[in-house]
Amino acid sequence: MEPTTKHTWRTKLHEIIYEADTPAGKLFDVILLIAILASIVLVMLESIKSFDDKFHAFLDIAEWVITILFTIEYILRIITVNKPYKYITSFYGVIDLLATIPKYLSLIFVGTHALVALRALRLLRVFRILKLARYLGASNQLATAIKASRAKIAVFLFAVLIAAVIFGTIMYLVEGEENGFTNIPKSVYWCIVTLTTVGFGDIAPVTPLGQFIATIIMILGYGIIAVPTGIVSAEYTKASGKDRGKYSDEELEHLSKVNLNTQCCSNCLTEQHHDDAKFCFKCGCELNRE
Amino acid sequence: MEPTTKHTWRTKLHEIIYEADTPAGKLFDVILLIAILASIVLVMLESIKSFDDKFHAFLDIAEWVITILFTIEYILRIITVNKPYKYITSFYGVIDLLATIPKYLSLIFVGTHALVALRALRLLRVFRILKLARYLGASNQLATAIKASRAKIAVFLFAVLIAAVIFGTIMYLVEGEENGFTNIPKSVYWCIVTLTTVGFGDIAPVTPLGQFIATIIMILGYGIIAVPTGIVSAEYTKASGKDRGKYSDEELEHLSKVNLNTQCCSNCLTEQHHDDAKFCFKCGCELNRE
Amino acid sequence: MEPTTKHTWRTKLHEIIYEADTPAGKLFDVILLIAILASIVLVMLESIKSFDDKFHAFLDIAEWVITILFTIEYILRIITVNKPYKYITSFYGVIDLLATIPKYLSLIFVGTHALVALRALRLLRVFRILKLARYLGASNQLATAIKASRAKIAVFLFAVLIAAVIFGTIMYLVEGEENGFTNIPKSVYWCIVTLTTVGFGDIAPVTPLGQFIATIIMILGYGIIAVPTGIVSAEYTKASGKDRGKYSDEELEHLSKVNLNTQCCSNCLTEQHHDDAKFCFKCGCELNRE
Amino acid sequence: MEPTTKHTWRTKLHEIIYEADTPAGKLFDVILLIAILASIVLVMLESIKSFDDKFHAFLDIAEWVITILFTIEYILRIITVNKPYKYITSFYGVIDLLATIPKYLSLIFVGTHALVALRALRLLRVFRILKLARYLGASNQLATAIKASRAKIAVFLFAVLIAAVIFGTIMYLVEGEENGFTNIPKSVYWCIVTLTTVGFGDIAPVTPLGQFIATIIMILGYGIIAVPTGIVSAEYTKASGKDRGKYSDEELEHLSKVNLNTQCCSNCLTEQHHDDAKFCFKCGCELNRE
């Protein structure tokens, strides 16, 4: 009601940049997604030497274009938010900054290789657009299941680690340096490679005794791979079952669609407001939705 | 009711070729299955150089025999169907054509290697005969479970991909070109090899830091392999549970047998008609069953 | 009741050899188990060349001792059974014979290597003693779950095989002979190695495109490994749930103990009689239990 | 009630060393945890030759410091317990001794490599502090699930072992010594490497027939990996379901917190007393809790 006075270009921009319910907001997100993916592809192509040698100039220009686009976006995000400081220090604020500066820094530290890693962090920005993932709805159950399993899986992985250290030490003593088990950390690394059934084969037991112990480690790994799977599966069943118990099918249908709303408070950046919410449930600030 | 006038050789042929409920129809399917498998074995044998050198003439003739058989089948399928255009542009219509032409094309483009791939597509034709798979009945539940899990597993695989890109970039920086991580795409490839616990070992970390990060990646992969499994397992339990809830055991028994019927409308190629259906539920055209 | 007349040495021996409920029967089974394991260890040791060179005489004598023991057991089994022909042509009858003859055959065919394989078949005899496994009780549920999943897992493995053939052909075309994908069967072999996440690394993609396709194959393999697991897990839950529904906890307790009885009809070799059974439920012949 | 007389330094020390409910007890556990981890890191660093060469003196001193700390702890544990003999012969008593003596032994047996293994056993001491793991509460369900699955998984692993021996022997005959399958034990080792989907690739089939059999082994391994997972998952679901059935949500909440209490009887070392227990439920000795 009477949003005319509030509907300045700033609120409008906020809606476009931070939300995805309006056509403009969706378009912005799609463009951002493309820009992020393009920047990742650029980083990858640059790392291929034969490619970089041929198209260095082009890659350099493209990188600058994307850097400038990200800079503009970063500035707009700061401007359109009510509490810029809060955004800058937030997780995505830091990621956005880190995604922008590597190219600028490369002007100062010429030829520094490690800046590549910073640029790869841009990929984390994809998660922001995964607000889109919410369209998939019922993934809440998955989140519930993973959250419920987390502690148990952590305990479990801890046990795996202890087993790896003990078996690693034994293998170091049995196989010794001449067979590639040059020290205990490397031996533990091999043990984890085996327990997780990855099995690179860069190091492999050679002595009969070593191969026998390896057999035990493998069967152990085979047996225990069942545990985390069982946990997640059971917790997931429980998570869905609980919902089913509490709500009717129509309510569930509705529940899984509730999160479609992507509006984001321009004051405190809180998300996940109800469709008919007029005020932010966290800071009480009015939400700018028609 | 008086199917005498309609029961021409065309309707008869349609029944034999497209359906599998009559003895003749079943025989046709079995012969087709053998022909398809034989053609695949031929492609394989041809690729073994030592074998091809010895039996080239035989392989060539066998290939021609199968090609001609497939050509006849393709023509018969077009003739016996009411709307040939619809069949030709359908998925199986295209596959059937692609399965037929490579040998003819080889007359024009002598020695073109890539035609082999086209011939391998013949294997896709096997799925047509997997109408037979329906005899297995309850696989509907499996289909339901996979369909329900699809979106979540996609989100999940997407997360795995992002992890692979980030870890891949880090490994590229840590290990570097001298240890086989020559560029980021290759590094990402290695990362997926590791996360999926495949572990070829063609590339393997050499530096202690690289091996440490590899350990984290492996344990991560070990932990997250549990998630898709848990999803499918829970959805499958749900899918079966739902059926159990809604129907009695006798009804379920009946339900899982309903699909035995393989008749196929000669007008619009729609399948999965009820056993007592007289007309196609999609185009209203009379079904030719005694 | 008045088993005196029937209780000849033959019925007594039958009880000892074929059953495991009396102390003598259990002792016989344990001795048999040790003999089987010893014979397997012997086969293994003989295959280690350095060991065989040193202890050939000892291994030869030990092998003869076990062969003679098995021969005696085989003859006793024939004697104590009412219908020797039925035993001789039964699965275990054939295995027992095959476990006995290799050493005798080695007198005729001197130095024939392949007889080793026959001797390894002795291991199958272990399953006979796995009557003992029944002591574990509830493994019936496991059997039910595996039986219920069998058809679906078969369909599933068939789909995996088709995927392997198609991807294998593509990889053969992409990578070619120079990178180890010398022919399509080998390429399919590589594809299965990858899909099952085994990943030997004896063959590995070298070209960027090959590595990209390999990535897809691996993620596919990672995704579909979830399906059979989900099926077994759900079926197993169902199998246990069904029992729980039908029976009370005490009844279940009882049910899982019913199979402890290992008596075996001396007439038709049928097993799994009830504890209080006086006559074989299959041939009506009286069971010799006090 | 009047614990004044009993509250000597010994009971106080017992509480600190054996329990973790008081601040002092928690602090002791944390320090112990750090000492254990530090000692493990020391063992690892010592095994890295380049590191050991540089910092041998430092590592030696650090090792002595930790050894003396462990010695003091060991003596204190003996003193503060009512029945020292019981502690010394208990599992943790033996581990504690073995964790202490290697350094002293190294004075006698100079340069004995194998003492490293003894030192790695210190890691087992971590489990003692995993009393902390109990804080995670519901892991009881996990324990129940694993216990219920144990027997079935053992039967299952036994079947896997038999398959490995039979396929291993076949592969030994098919591939032979020239392709790395030098003897049957090695061949069985390769078979387990393959069945568990580890796939080192140190040995890999070379002949077409060998690769074909390998394919079967891999698909078998792929299929059966589903079974233990399914078992654990189903048992875990059952374990949680049972609890849910018997107790209300509040009761479950309470149940999962019951084990927070870590007091340990100073007479017989029994743990897991109820929060309001005044006497040990096993030996009747009074518990020293305010």
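Residue numbering begins at 1 within each chain, and the chains themselves are lettered A, B, C and D in the order written.
Throughout what follows, contacts are C-beta pairs under 8 Å (C-beta built on N, C-alpha and C of every residue); 3 or more make two chains touch, one makes a residue touch a chain.
Protein names from UniProt, one per chain: A, B, C, D = Ion transporter.
Everything numeric here is computed off the predicted structure, so don't read it as measured data.
Two chain pairs are in question, A-C and A-B; the one with more C-beta pairs in contact is A-B. Chain B (Ion transporter) and chain C (Ion transporter) touch with mostly distinct residues; of the residue numbers seen at this interface, under half occur in both copies.
Between chain A (Ion transporter) and chain D (Ion transporter), the superposing rotation on Cα atoms measures out at 90°, rounded to the nearest 5. Note on chain placement: the centre of chain A (Ion transporter) and the centre of chain B (Ion transporter) lie 32 Å apart, centres being C-alpha means.
Per-chain CA centroids place chain A (Ion transporter) at a distance of 46 Å from chain C (Ion transporter).
Contact with two or more other chains is made by residues 185, 188, 197-201, 225, 229-231, 233-234, 237 of chain C (Ion transporter).
Remark: chain D (Ion transporter) residues 151-152, 155-156, 162, 165-166, 169-170, 172-173, 177, 182-185, 187-188, 194, 197-201, 204, 208, 211-212, 214-215, 218-219, 221-223, 225-227, 229-231, 233-234, 237-238 touch chain C (Ion transporter) in the complex. Within the complex formed with chain A (Ion transporter), the residues of chain C (Ion transporter) that make contact are 197-201, 229-230, 233. Within the complex, the chain B (Ion transporter) residues that touch chain C (Ion transporter) are 40, 43-44, 47-49, 113-114, 116-117, 120-121, 123-124, 126-127, 133, 136, 138-139, 142, 145-146, 149, 153, 157, 160-161, 185-186, 188-189, 192-193, 195-202, 225, 228-229, 231-237, 240.
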